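Should a chain be cited, it is by its letter among A, B and C, assigned in written order, with residues numbered from 1 in that chain.
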Amino acid sequence: MSNSKPVLSSSLGRKLIMSLTGIFLCTFLIVHLIGNLQLFNNDAGYSFNKYAYLMTHFAPIKVVSYLLYASIILHAVYALILTLKNKAARPVAYAQYDGKANSKWNSRNMGILGTVILVFLATHMQNFWWKYHNDQVPYIEYRTDLATGETTSKELTASEFRDYQETIENNVEIIKAKDLYKQVDFAFQNIGLVILYLISMAALAFHLIHGFTSAFQTLGLSHKKYIPIIQGLGVWLFGVIIPIGFALMPLYFYFVK
Amino acid sequence: MLNSKVPAGPLTEKWSKHKFDMKLVNPANKRKFTIIVVGTGLAGASAAASLAELGYNVKTFCYQDSPRRAHSIAAQGGINAAKNYQNDGDSVYRLFYDTIKGGDYRAREANVYRLAEVSANIIDQCVAQGVPFAREYGGLLDNRSFGGAQVSRTFYARGQTGQQLLLGAYSALNRQIKKGKVKSYTRHEMLDLVKIDGHARGVITRDMVSGKIEAHEGHAVLLCTGGYGNVFFLSTNAMGCNVTAAWRAYKRGAFFANPCYTQIHPTCIPVTGDHQSKLTLMSESLRNDGRVWVPKTQEMSAKLRKGEIKPSDIKEEDRDYFLERKYPSFGNLVPRDVASRNAKEMVDDGRGVGKSGVAVFLDFKDAINRLGEDAVRARYGNLFDMYYQITDENPYQQPMRIYPAVHYTMGGVWVDYNLMTTVPGLYALGEANFSDHGANRLGASALMQGLSDGYFVIPYTVGDYLANLGNFNPVDKNHPAFEQTRSEVESRINKLLKLNGTKTVDDIHKELGHIMWEYCGMARTAEGLTKAKGLIQELRKEFWSNAKVLGENDEMNMSLEKAGRVADFLELGELMVDDALNRNESCGGHFRLESQTEEGEAKRDDANFTYVSAWEFKGDEQAATLHKEDLVFENVELTQRSYK
Amino acid sequence: MAQHMNLTLKVWRQKNDKSKGQFVTVQANDIADDMSFLEMLDIVNEDLTRKGEDPIYFDHDCREGICGMCSLVINGRPHGPKYGITTCQLHMRSFHNGQTIVIEPWRAAAFPVLKDLAVDRTAFDRIQQAGGYVNVNTGGIPDANAIPVPKRVADEAFESATCIGCGACVAACKNASAMLFVSAKISQFALLPQGQTERYERAQAMVDQMDAEGFGSCTNTGACEAECPKGIKLSNIARMNREYFSAKFFREEDVHQ
């Protein structure tokens, strides 16, 4: 038999990229959700803003975040390549095609669901990532009396802020930080954005209910002993818990705060 | 006089000795020869692959869109081999003996012995190719029993042994296609044989997509084109199965042997109406666990037919398990001809079941009670499903209705011990030849014969012929014989395309089928056969004056494809009737009402008919000439077959 | 007694592989419910022939569900509305009087239409030729029982080997992917001891050929498995992926030849 083609120029190689980037993005979602749970702390954003600073300034996490951006881009680009190739594999469409008889609609519409998620990501990054990195968020100072544990906060102006700092003076911890929490609160007062988030989380749910299990199938990891576990994770963790967890955030800020 | 070229010497040594005596072609010279293989079923694919492995250049032709679709694929039950893995007393000699006896002593001893001898190699070969035969828990091969034998020697792959064996041969063929040793032509139909100086040197084919008429040259031509059961219109054959290649060869000088030997398979799904296009067989293996019965009285059958009572309403003592009653030692596992004839007898006696009354029951109730439904499902699940799809009746809950249907043709192109026809360089393998099954084929023996011919016989015997040619010159493509034959084919096609009458080709084919089934089916008489001969001649005239053939040659033309095949069936049908008339005895699948024992069993006339009838074509609308090959039995004694 | 019905057929008619096809409406009258679908088409064709019109070309042969020659997408479903059977096993009792039935050929770039409902499936043959075999010659083979195969393994290999090569998987897949077909053959030999020697080369060669034929990529919708008349399982595709990636990433001897 002949020399085989390089793996990445094969159909299976392209699927491999989708699978690996997809699984990586799934693991990120877990971390992202756990971190963002701090939005629910009733501490004027103290823990959340500290966490936001850590995530943007701790070197190993920065490396991971670049991997993350690359994964998103690869996942989207390869999805596009595969979709175009798949379309080319059927140049004449069926006049009648009864897809529901043989497959679930989300599995047939991963591209559309993915596109919704991509649009969401752009909005999401613009609202928070871009504004955070380009000093378009408010600033805040927290003063915590270490003896009593009481925290007070006050908004800072841009000139007062200068840089993130964490100091202790006279047994009082002073933290000056970008107030991403406030930005979140502000953004989620916009009902349009809240609705976009809810739709996007629904899309994410259906995307992952198929995608997570599918990624393992592509990797060839299919064994009757652990397939039910993977399917369970795909549906309950990635299809239910994570999207609902994320969806609660805009709802919380819109209705509760 | 026909020379079968059976080598001298004791039966058990003939093949070994012959293999040594045959000339060989040196490996470097093999690549100078081209061999044409027509048909890619078990015989064709195995022959093509084996010859290509040896170094010959091979061209294969099939009418289907892939070699894998040849009708061998539909064989369900299994393949016999004298492995004696079950330690139940099997041996090469016993397989030989069962086959000769099963064929009602109308087969050539030496061929049958060779078949039994190489049977074990076939299983080895197929296993090495990765054919997934059924296995025991210990990992070794499993066997089941089959009709006409008292040992378990049948290897099987669930209910689709034919498919798995064919895919094995197809994979071997693919390997050679990849290596460039085989060139495969699919959707190609052989329409004639080209002879140069009396030797087969090529074929004329039609590309069924473009309509192109092509000439292909080769040093030998192998016909592996299956049987002619579709002469009956309704049979278990695939819709495309036809006699054209063999018939064209017959018209070019290859004798046609024992055309009247047709096998009517007992376990088929009964006909439901005029619209029916084919009959569906269910494996004989069902008779391992199913019990065949009809009600004891005509009154009860009548009530069943009208739907007044259900099969389950009939008490045990009112059921006639007629095979068990008449043949206690073989019971439901009597050979096919016996089982079929008895079913017909019951129906003729007015005890048939089903709406039409033309069926008997095959009942699994006892097997389900004994083994449990799951065990029965594991053995026959796919057959039960198939039955359910077609009839809408659940065989787990009510007995199946079965009736015999045309299934296999033991007759075919006459061949000698080397599988060569009366045209030098032209061979016939598998069902296309007449050789190994006599007047009746035992279950699970067709697969065995196809693969034996292809894997283990033809690679030796073709070499002998080629080595004796005395030169390695390529066949002259420009020889006028090619152009001559091609133009004959073209003019025949043009003649067909001009037919613009009122009857469709299918109309005529159905009429032919009715004539054949009525007069040349399970029971035959001189009177009926004589009548049939006249009817066929008339029908043939009508075909050539009143059939309707549409379209052009240079397109995919279903109408033309059918017309060419039916035209040949209309000629073959008459020869079958001639042969059946000539054979004034009953043997195996050929049952002449004039010749039966007091108990109604087939009665042979060994004094007058222990021969192979080989017919020579003498010209259109002229009587064929009968040649006889005397069958010499040196090893087995001819007795009245008894399965009691 | 058999019920009779009248039907309206919308059939794809195309003169040859070069011409453009279109749907043509044909009436099928007085069809008995115990006819098979192909027998219904036979009747339609007999009527057309009597009228001097070109009969509808469709592929079929054994008419007992095993040769794999018949095809047809019927009302948007490969092999029609029932699961687990081929078109030739479909009976008219699955339809009702007055129904309109849309009949199309398999649609895939790799399966060009030859005429009407018949397509060219030789791509499947070429994939098999690329490696769907064990390299053994006729003769010189050890005794069949010298290679014991555990029953479980033999049974599973058999399940994969039951593929009839009809192409319904390609027809059903929204991407016109042939991966179920290819993986079934790769699986059969990956499972059996006879296939071990060339196991990894085979996977690469067959996948390469599959890609070269222009089939799409699997997105794990499961449509192929649902529509396969022989119930070939999706786990075969996982096995194929495993074989292929093992060959590419863990089997140096096969990669550097």
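In this section, a residue touches a chain if its C-beta (ideal position, glycine included) is under 8 Å from a C-beta of that chain, and two chains touch if they have at least 3 such contacts.
Since the structure is predicted, the reported quantities are computational estimates derived from the model, not experimental observations.
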{"item": "Pairwise touch network: line, ring, star, complete, or other", "value": "line"}
{"item": "Chain centroid nearest the full-protein CA centroid", "value": "C"}
{"item": "Centroid spacing, where centroids are CA-atom means, of subunit B and subunit C in whole angstrom", "value": "27"}
{"item": "Rounded Å distance, subunit A centre to subunit B centre (Cα mean)", "value": "66"}
{"item": "Distance between the centres, which are taken as Cα means, of subunit C and subunit A, whole angstrom", "value": "41"}
{"item": "Junction residues of subunit C, two or more chains touched", "value": "130"}
{"item": "Contact set on subunit C toward subunit B in their complex", "value": "2, 15-16, 32, 34-36, 38-39, 42-43, 45-46, 49-50, 52-55, 57, 59-69, 84-85, 89, 91, 93, 114-115, 118, 120-122, 124-125, 128-130, 132-139, 141-145, 147-151, 154-155, 157-158, 161-162, 164-165, 188-189, 192, 194-195"}
{"item": "For the subunit C and subunit A complex, residues of the former touching the latter", "value": "10, 12, 23, 73, 75-77, 81, 102, 104, 107-110, 130-131, 172, 174-177, 179, 198, 201-202, 204-205, 207-208, 210-211, 214-223, 226-227, 234-235, 237-245, 247-249, 254-255, 257"}
{"item": "Touching residues (chain side subunit B, partner subunit C) in the complex", "value": "46, 49-50, 53, 64-69, 71, 73-74, 83, 85, 121, 123-130, 132-141, 157-158, 160, 162-164, 167, 170-172, 174-175, 177-178, 184, 186, 209, 236, 238-240, 272-273, 275-278, 280-281, 385-386, 389-390, 392, 455-456, 459, 502, 504, 506-507, 548, 550-551, 555-556, 558-559"}
{"item": "In the complex with subunit C, residue positions of subunit A that touch it", "value": "1-5, 7, 10-16, 82, 85-86, 88-99, 101-104, 107-108, 110, 210, 213-214, 217-222"}
